[in-house]
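Structures for review follow.
Each of the next two complexes has subunit A plus one other chain: subunit B in the first, subunit C in the second.
The block that comes next holds the complex of A and B.
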């Protein structure tokens, strides 16, 4: 039982971590809570499924198609919703936050309806990268799930290297700490925001395809995914990538333990209780700065 | 002046005559509302079944010379939207009858409205026994509500009989875990199976209720496996494809048999990217099972028209439109009361079987009678992309295949 719990917790946490990182990175660098996040993940998963059914493409092309759609939706969100709101004159910072929340919420509904009308409001699943299972300490584990975990952590490692060891990545970090200082140093903040939206789209695209592979996605499931990501970043601290990674593991393992020890239908309950407790006792989250 | 007035009057008479003769030549259409969430497999199946029946009827000259006009109402899977649409259909669009509804929760909400608005309402997707009980308990006020899909307890009976013939006798199974979704329709489904399955030789070693928003089935499958059953008997419809996809990905070495409301349509194979291979489900009828002379022609026409196989809801809705045609022709009226009386007396051979409704004294009033000589249903198994009918023996076109992962 303990081994089962650890393996299942590890696999689900890896997906949660990847699905949340883009969301929190976006908030950290540009201060935007993108409520269309879940639908961006769903779009990537559905496009990958559609491409997989249409052609004899291999897994790589299917993933590329899904990830590309994630980037496209990310950039569309920026160009159609975020940028016009940022250009509105006479808007206070607080009003801008509210406008962003409302704007991205409406955008998620529009995307959801488009997806439901084009592809149907049905859950779809992307074929596995590799079929088959391996036995880990007596627990039958799909090879595909292990690969999904490896891709998740590999991508998160690549992001860490990018942010920590490249000039462009460091400028993202600087933008999250002191955007005005960055502008005074001669950096183009708009370009940095565009880069972060592309990175966001890439992360969301990969996460969406992987979720569609492991659990399946549906147009109406977007808001649920946003809610999960939201819970994780609140626990980890808004804008803190490290906090999100740790929170993703905490939530992933607690949910799995609840499903095994109490009952599958109650798996989301403890994380919601934790969320309320965090908001009450430590509203900035475990590693939050704002 | 007088001459001008006469000319005007003459012109009025001529135009009036032309207008009334045009009206006499094209009688008003019979308006039928079809309601479901059309973006989902089951909703699309309902709409497609109604569309095909309407097209056929109109191509053959309509009903007593009147064309059938189908008016669609998307309920978005919401009871409040459905109630508003139902009211609009009757009060504003003046429909003569309404067919459809996939979710039992919505059918239960609409049943009193059919009574208040006095409009014949044939449910073609929702299975909760509660609907038939409501009609029985409130008869004759609720007499306008009928159902052309099997109620959950009859579906459970079909599942149980097929489990006895296929699971126990052919595959040698002796125990089962019952895995059903937490929804209105599974109450009577579970209740029936818990008594029936042991009586056909399947001991129930565990019974698991699954929330309809469950995303990760890993702990559920591991709990099932730890009970060491021979088979998983399912009752799912709203959950969608998640349990099937994860069952396939995790190579759970137990066959999934029972009822999966979506697996009757070939669209399900596409949505699961083939993960549904091996799944067994009870359904109304199938492409290769000639339950009546109308079954196979309908199934083939449906496949050709919509590029997907007909699900149980397609059969039910197709039959519902023809039931209305039959009742209008027999009663000679589209008014609610004579139409309802005619529907009560229906003895109609449809694509899913011989349809005779239960009466006010039967257990589930206005539900279809189940059993030999009436409607029975079939069990199909997905085998390498094809639906193979494996039960009942007189309709079977192939043998059941054991779990694709049993030896691993």
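The block that comes next holds the complex of A and C.
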């Protein structure tokens, strides 16, 4: 029982970590809370499912299709919603925040309805990458679930290398710390924001396909995914990637434990309560800076 | 100043009108509306629109004046609606007592929602309000024996069976709310509230208590939201999650306020009625209707950020 709980907690945490990192990165670098995040994940998952059903495509093509749609949705969000709102004149800072949240929420509804009309409003899931199960300490675990966890952590490792050790990655980090200084050093901030949106799309695309593989996705399930991402990001601290990785594990394990010990229908309640407690007592989260 | 674009509606600019005068002119028209040969169905739509108008006005007092982006308007409305429904369905109290109890409980919910607002700023607070709605939803599902869970809870009593009378009740609720909220917004209290919302540090330095003013604004806004929520419960006959405790309904309220024009109180009321009527008008399109309404709202957001009344104000200030 305990081993089972640990293993499924680990698997779900890996996906949560990947699904949240793009969201955090986006907030850290460009200060935007993308409420269409969950629907971006769902779009990638549904496109991957559609491609998988078309012909006998291999797993690689399926993932590529999902990731491409993630990037496309990311760039569309930037070009159609975020950029126009930033360009509006006469908005105070509070106005812009509300406009951004409302704009991305409307975008969520638009995407959701388009998906439901094109692909039907039903839950779909992408076929497993590989079949077979392994026995870990007496718990039968599908190999593909382990693969999913490996892909998640591998991608997060790659992101860490990119941000820490390449010039373009370091400029992202600089943009989150001091955007004005970066501009004074001759960097093009708009271009950096575009790069962030592409990376965001990549991460969301992969995460979306993986979620569709493990849990299945449906057009109307986007907001729920956004809410989970929120809980994680706020617990870890808005804009802190390390924080959200740790928080993803905390929330993942707590949700799994609740689902096993109390009941699956209440799985999201403890994380909501933690979320409110954090917001009351430590609004900047575990690792956030204000 | 003789720019062709501003010169066009010259009559509009010469009229010595104010939005207040227009609003007073609208009152008799609104009272007479159900007697103009509208079908009971159409009257029903306007009734819902008027309740929505109250929600949007309550939101505007919090955002436009106190500067708090409340994404959980349905938290306040839901508490009012469910209090009224639970009291009535258990046979504890007659409808009017339930409505009053709903408003009072909603004020208490307003205090709960105000507590994080005193500690958090901007987007953080917006998130808390969103989460508040999700938690209320979970709680209602958790205690489904008392609350009816996802199906909803039916109220046995009605205020009145006549569509016209129901309309006039909603209208009375909307007009009283509008007068009370506009009075507060234009009073010295409203000015201080704006100061507290826009520059809390300076407001505090001038000796105004942020805690006192924000709490009062939340209670005031919550009272009218709860009142309208409870009345709407009796009008609809049920309190259900998807009508009263839903994040997307909260977003619709914000959209209504933006379409009408933020910081005008009357604007959001117009936006509320408009949005409900528009949604109904689009109903024949089936699932596409939500898409169309969302696209229209997005276009207004991007191209008319000050809303309908904001447009009028702009014209007048260009004089």
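Convention: the second predicted complex is superposed on the first by the 290 of 290 C-alpha atoms of A that agree within 3 Å, B and C clash if a C-alpha of one lies under 4 Å from a C-alpha of the other, contacts with A are read in each partner's own complex, and residues count from 1 in each chain.
Just so it is clear, a contact is a pair of C-beta atoms (placed from the backbone, for glycine too) under 8 Å apart; a residue touches a chain by one contact, two chains touch by 3 or more.
In this text, all values refer to a predicted model and were calculated from it rather than measured experimentally.
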Name the contact category of A:218: first (subunit B only), second (subunit C only), both, or neither. first
Let me test your reading of the model: by the given contact rule, A:123 touches which partner, first (subunit B), second (subunit C), both or neither? first
Looking at A:227, would you say it contacts subunit B, subunit C, both, or neither? Reply first, second, both or neither. second
What is the contact status of A:179 with respect to subunit B (first) and subunit C (second): first, second, both, or neither? neither
After lining up the shared chain so the two structures overlap, which partner does A:85 touch, if you call subunit B first and subunit C second: first, second, both or neither? second
In the overlaid three-chain picture, which partner chain does A:169 touch, first (subunit B) or second (subunit C), both, or neither? neither
Tell me the contact category for A:264 with respect to subunit B and subunit C: first, second, both or neither. first
Once the two structures are superposed, pull the subunit A residues common to the subunit B and subunit C interfaces. 116-117, 265
Give the list of subunit B residues in touch with subunit A in this complex. 37, 39-41, 44, 182, 208-211, 213-220, 222-223, 240-242, 245-246, 249-251, 267, 270-275, 408
For the complex, which residues does subunit A have touching subunit C? 33, 81, 84-85, 88, 90-95, 97-99, 101-103, 105-107, 109-110, 113-114, 116-117, 223, 227, 230-231, 234, 238, 265-266, 268-269, 272-273, 275-276, 279-280, 283
Residue positions on subunit C within touch of subunit A in the complex are 63, 67, 69, 71, 115-116, 119-120, 122-124, 126-128, 130-132, 134-135, 138, 141-142, 197-198, 247-248, 251, 254-255, 258, 262, 287-288, 290-291, 294-295, 297-298, 301-302, 305-306
Which residues of subunit A touch subunit B in the complex? 4, 8, 12, 49, 52-53, 116-117, 120-128, 132-133, 140, 142, 144-145, 214-216, 218-219, 224, 255-256, 259-260, 264-265, 267
